[in-house]
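Structures follow.
Next, two complexes with chain A in common: one pairs it with chain B, the other with chain C.
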Partner chain A sequence: MTDWINSIVQGVLLGGYYALIACGLAFMFQVMRIINLAHGSLAVLAGFAIWSIAGHFGISPFLALLVVLPGMAAVGWLLQRGVLERSARAGLLVPLLATFGLAIVIDNVLFEGYGADTRSLAPFIDTLAYDSWAIGNIYIGQLSVLIFAVAVAMLGSLSLFLSKTHLGRAIRATAEDPDTVGLIGINARKVNVFATMIAMLTVAIAGMFLGMRATFMPYSGGAQLVFAFEATVIGGSGSLWGTLIGGIILGVAQTVGAQINPQGFLIAGHLVFLIVLVARVSMPFPSWPMLFSWLRRQPS
Partner chain B sequence: MKAPSIIHVERWTPASVAATTGALALIVILAFGPMLFGINGIEKLTTLFIYVILAVMWNALAGYGGLISVGQQAFFGLGAYAVLRLANFGINPFLSLFIGAILVAIVSLPISSFMLRLKAGEFAIGMWVLAELAHLLVNLDGLINGETGTSFIELNRYAAPIRHALIYWSALAAMVGLLGIVFMLLRSRIGVSIQAIRDNEDAAESIGVKVFATKRIIFILAAGGAAMAGALWVASAITFQPKTYFSVEWTAYMIFMVLVGGIGTFEGAITGAVIFFLIEMWFGAAGVWYLIGLGGTALIFALFLPRGVWGTVEDRLHVRLLPVGYRLRLDHETDAPQRDGPAA
Partner chain C sequence: MSDILAVEQLDVRHGLLQAVRGVSFSVTKGEIVAFVGANGAGKTTLFRTIAGAHRPTGGRILFEGSDVTALPDYRRVQQGIALVPEGRRLFMQMSVRENLQLAGEVGRPGRWDVKAVLEVFPNLAARINAKAGNLSGGEQQATAIGRALMTNPEVLLLDEISLGLSPAAVGRVYESLKALMETGTTILLVEQDLNRALSVAHRVICMLEGNIAAEGPVEEMTRERIMDAYFGLHRAAGAGA
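For the complex of A and B:
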């Protein structure tokens, strides 16, 4: 019995990480209707950047993150201006092809630079990597709790940002109707650049925690993209808090699946995703459009 | 419908008659491949045929159906797995190639019911998830030995020269058959629906095109085609490692071939497959840099040359080699801009 409760607790905490990696993906989809297939690879890129800086200067990954954050914001600017903006003009499908090509380039450039070894940030954070609180027979890792707390804080601040700040409101307006916002003095192009930069900040944070809680290698990006996407879809497709719910459901499915069968971790996660998908298409409840009404309801 | 006398609606042009005749002649020559080329030559050609299948099938899905999938490796891997399973049951290995592909096509029917409800990017990654799941489930089969993989031992019964020739002929037959199906499909009523959907799905629906049913036909065809390619690949490679067959790299190759060749044109996909085949032969040994080059080229084509090599040639020269569309010819203005077939 304790085993099962333990699985569920660990799954919920794992969901925090999935929410972290998913919220940037969902955010970009909300604002620009673009799914960035290089999302996972960019998180891994940030992970490697933090790993290199932490290792080279012997500093904490949290300090290294402070350096990488502006770097990833710059990557976001480049991504939007150089790739997404141009390809989005050619239709809905071209950004997929372009970002897929970009993902292949990032993965293999990382492979060229770092080789096939798996890396981890765990050695840089001392005991935080394994310290835990014991509640009865259940051990709760401090790092997992930290990741979960950061996820909640990030989703909360993103929601606040979208509802309380001028830029946030401009982003929501652009998401609603990119052509009309021009009439009220909002530069949709600029807004989209900011949105991508913000998404890349979340990606940098997710990349750091990916490296702390597990190992990663140059080709880890694909799996992270898949998890982010699954969390997004399970969580009701694209709402920010939905990614937390989706992440938790995905995490619990995986840990419980692993409890049933050693190979069940990934299978159970994918199955839950497909079940949600089948339910969504066979029942007439709204999907992506729901998130826009959700966004509008945010201030209350 | 009677057209005004100076405007001709034509499908067969002198160029397309010549090209079609040339293509048929080429197929006849290729049929004698094992007598004409050495083992090395027919092995290379087998690879090329598989690339053509992959490119044409991915192009059917994306270029005609407007469905970008990054998970076609699901069917590629399942095709290979199905062959090993069937051969293990004692069915003739070469027969298994084709039965396996058909079985995978049948499996893709229920899958299409929910995957096709997803839009654009959701469909793309949804297919990837499906590929991951298919990979994990195949690993559960004891025959495969998990990630260690297994070999197509049933082929050992055949002496090497005969085996290579039979694989070559299977690949040629599969390629010609699948190209024929796509060709006929595009010339049929379904082909017109497909092009209408590609140009504007909502508008097509509003004038009575059965969007879902048409997309479903393409989806199943593309799944069966990818499975056929996977089956042929395992026959020529002999070894089966789930990780390599269910790798997203296959999708990267397909996207590269179609994007570079020219998305949405029949000739473009074939051109892309030939280009990819040559690039792999010359630069494949460069390993990681080769892959960086492929990804980078795909990115550049998506951004700057979205019509690909063939699409650009077609736009400039107004040629169309295979008669899958119609074109209007005005008698006094023979080089007027033409709107026709799938690339219109």
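For the complex of A and C:
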């Protein structure tokens, strides 16, 4: 029994990481209806940038992140102005192809620069990489809890930002009707640039935690994209808090799958993703906030 | 009085279709001009072009003497031109307050704020935190007009504000408009209900197939003259003569 509880707890915590990596992907999809296929590669790029700065200056990856964040914001500006804005004019499919191409370019540039060796940020964070709290026979990794807490804090901050600030409201309005925002004085182009920059800030944070919890190499982006995409779809394609739920469902599916069969980790996650995808396509499937609101209204 | 808005030889195309053909007119400050005409006459295209949502293929638009033809829509709002689009186009997932605030935050400074809008549309006060998508048609229209007012416009373009509303709701919206008209805001409105248009406007412009078929002060524009222009009968009569 303890093994099963342990699997679920580890799955929930793993879901925090998936929510973190999916956050930027969901945000861009929600605002611009663009699926950024370079998302995973950009997270790996941020991971390498943090690894390089932390290694070169001998500083904590958290400090290196502070240096990388403005750089990733600049990457977001370039990505929106140079790739997404131009390709979006040609229809829905072209941004998909353009970001797919960009992912290949990023992967190969990283391969040229860093080679095929795997890297990790774990050596820079001392015992945080493996310290844990023991509750009975269940061990809860401190890094996993930190990642989960950061994911919740990031999604909460983004939700507050979207509802309480002018730029947040402008982003929501642009997401809902990009043709009308101009008629009330909002420059939709500029709003989309800010949205992409914000998404890249979340990607930088996800890239740092990717490097802390696992090893990474130039071609690790594809797998990260798949996990982010699966969490986004399970969570309701663009809903921020839904992304956390999607991440948790994916994480729990993987750890429970591994509990059933050591090789079932990835398969179980993909299977749950496929079931949710088919359900969403073939029948009216409420968003997670709608579902919770409906459950709250039911008499106890 | 000086012209606040002048449209000169404006041409607008939708692909192969020419929706507006060499339209010229001017509007003085504080004037209320009603645009009437059958569906497809080019009224909505003309309004959207003045607001910057469409690019004209020819001609120019002057606002307070400056050529604004090349300015994008959001810059024209900042200059003082606001459009209440056909179909209202509210941000349905956002509350009434958020819809109003959003426009107020980017618009020009001036007399309009949420409180002033609620004075003109008191029925919105109780619904201020409701999602725009949950409002009745009349409340949505009031929010759409309020949202445009929050930008503190010099020229307000109202496109088919009675479309899809019950007669009672239309009555309430027009009652509120009277208070708005007393503020001296220049208003251009597209209206299918001729009686409504004539009851509030100083001048009427009748459009037919992208052209101005007739125009003049309300007192000079008899119902018959407007209907002749509306259906193109003046042209047929001219050809017959």
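Following the convention adopted for this analysis, the second predicted complex is superposed on the first by the 285 of 300 C-alpha atoms of A that agree within 3 Å, B and C clash if a C-alpha of one lies under 4 Å from a C-alpha of the other, contacts with A are read in each partner's own complex, and residues count from 1 in each chain.
Rule of thumb we're sticking to: a contact is a pair of C-beta atoms (placed from the backbone, for glycine too) under 8 Å apart; a residue touches a chain by one contact, two chains touch by 3 or more.
Bear in mind that the values here come from a model prediction, so they are computed numbers and not experimental data.
Q: Considering only touches as defined above, state whether A:L96 meets chain B (first), chain C (second), both or neither.
A: A:L96 sits against chain B, while chain C stays out of touch.
Q: Pick one for A:R172: touches chain B only (first), chain C only (second), both, or neither.
A: In the superposition, A:R172 contacts chain C only.
Q: Thinking of the overlay built on chain A, is A:I135 touched by chain B (first), by chain C (second), by both, or by neither?
A: neither
Q: Touch check for A:I260: first (chain B), second (chain C), both, or neither?
A: neither
Q: For A:N187, select first, second, both or neither according to whether it touches chain B, chain C, the two together, or no partner.
A: Second partner only, chain C.
Q: Which of the two partners, first being chain B and second being chain C, lies in contact with A:F111: first, second, both, or neither?
A: Only chain B; A:F111 stays clear of chain C.
Q: Tell me the contact category for A:A214 with respect to chain B and chain C: first, second, both or neither.
A: Neither partner.
Q: Do chain B and chain C touch any of the same residues on chain A, and if so, which?
A: none
Q: Note which residues of chain C are touching chain A in the complex, please.
A: 51-53, 72-74, 77-78, 82-83, 85, 89, 91-94, 98, 101-103, 105-107, 147-148, 150-151
Q: Going by the contact rule set out above, which residues of chain A touch chain C in the complex?
A: Residue positions touching the partner: 166, 169-170, 172-173, 176-177, 179-188.
Q: For the complex, give me every residue of chain B touching chain A.
A: 62, 66, 68, 70, 113-114, 117-122, 124-126, 128-130, 132-133, 136-137, 139-140, 248, 251-252, 255, 259, 288-289, 291-292, 294-300, 302-303, 306
Q: Report the residues of chain A in contact with chain B in the complex, numbered from low to high.
A: Per the touch definition, chain A meets chain B at residues 29, 34-35, 37, 83, 86-87, 90, 92-98, 100-105, 107-109, 111-112, 222, 225-226, 229-230, 233, 263, 266-267, 270-271, 273-274, 277-278, 280-282, 288.
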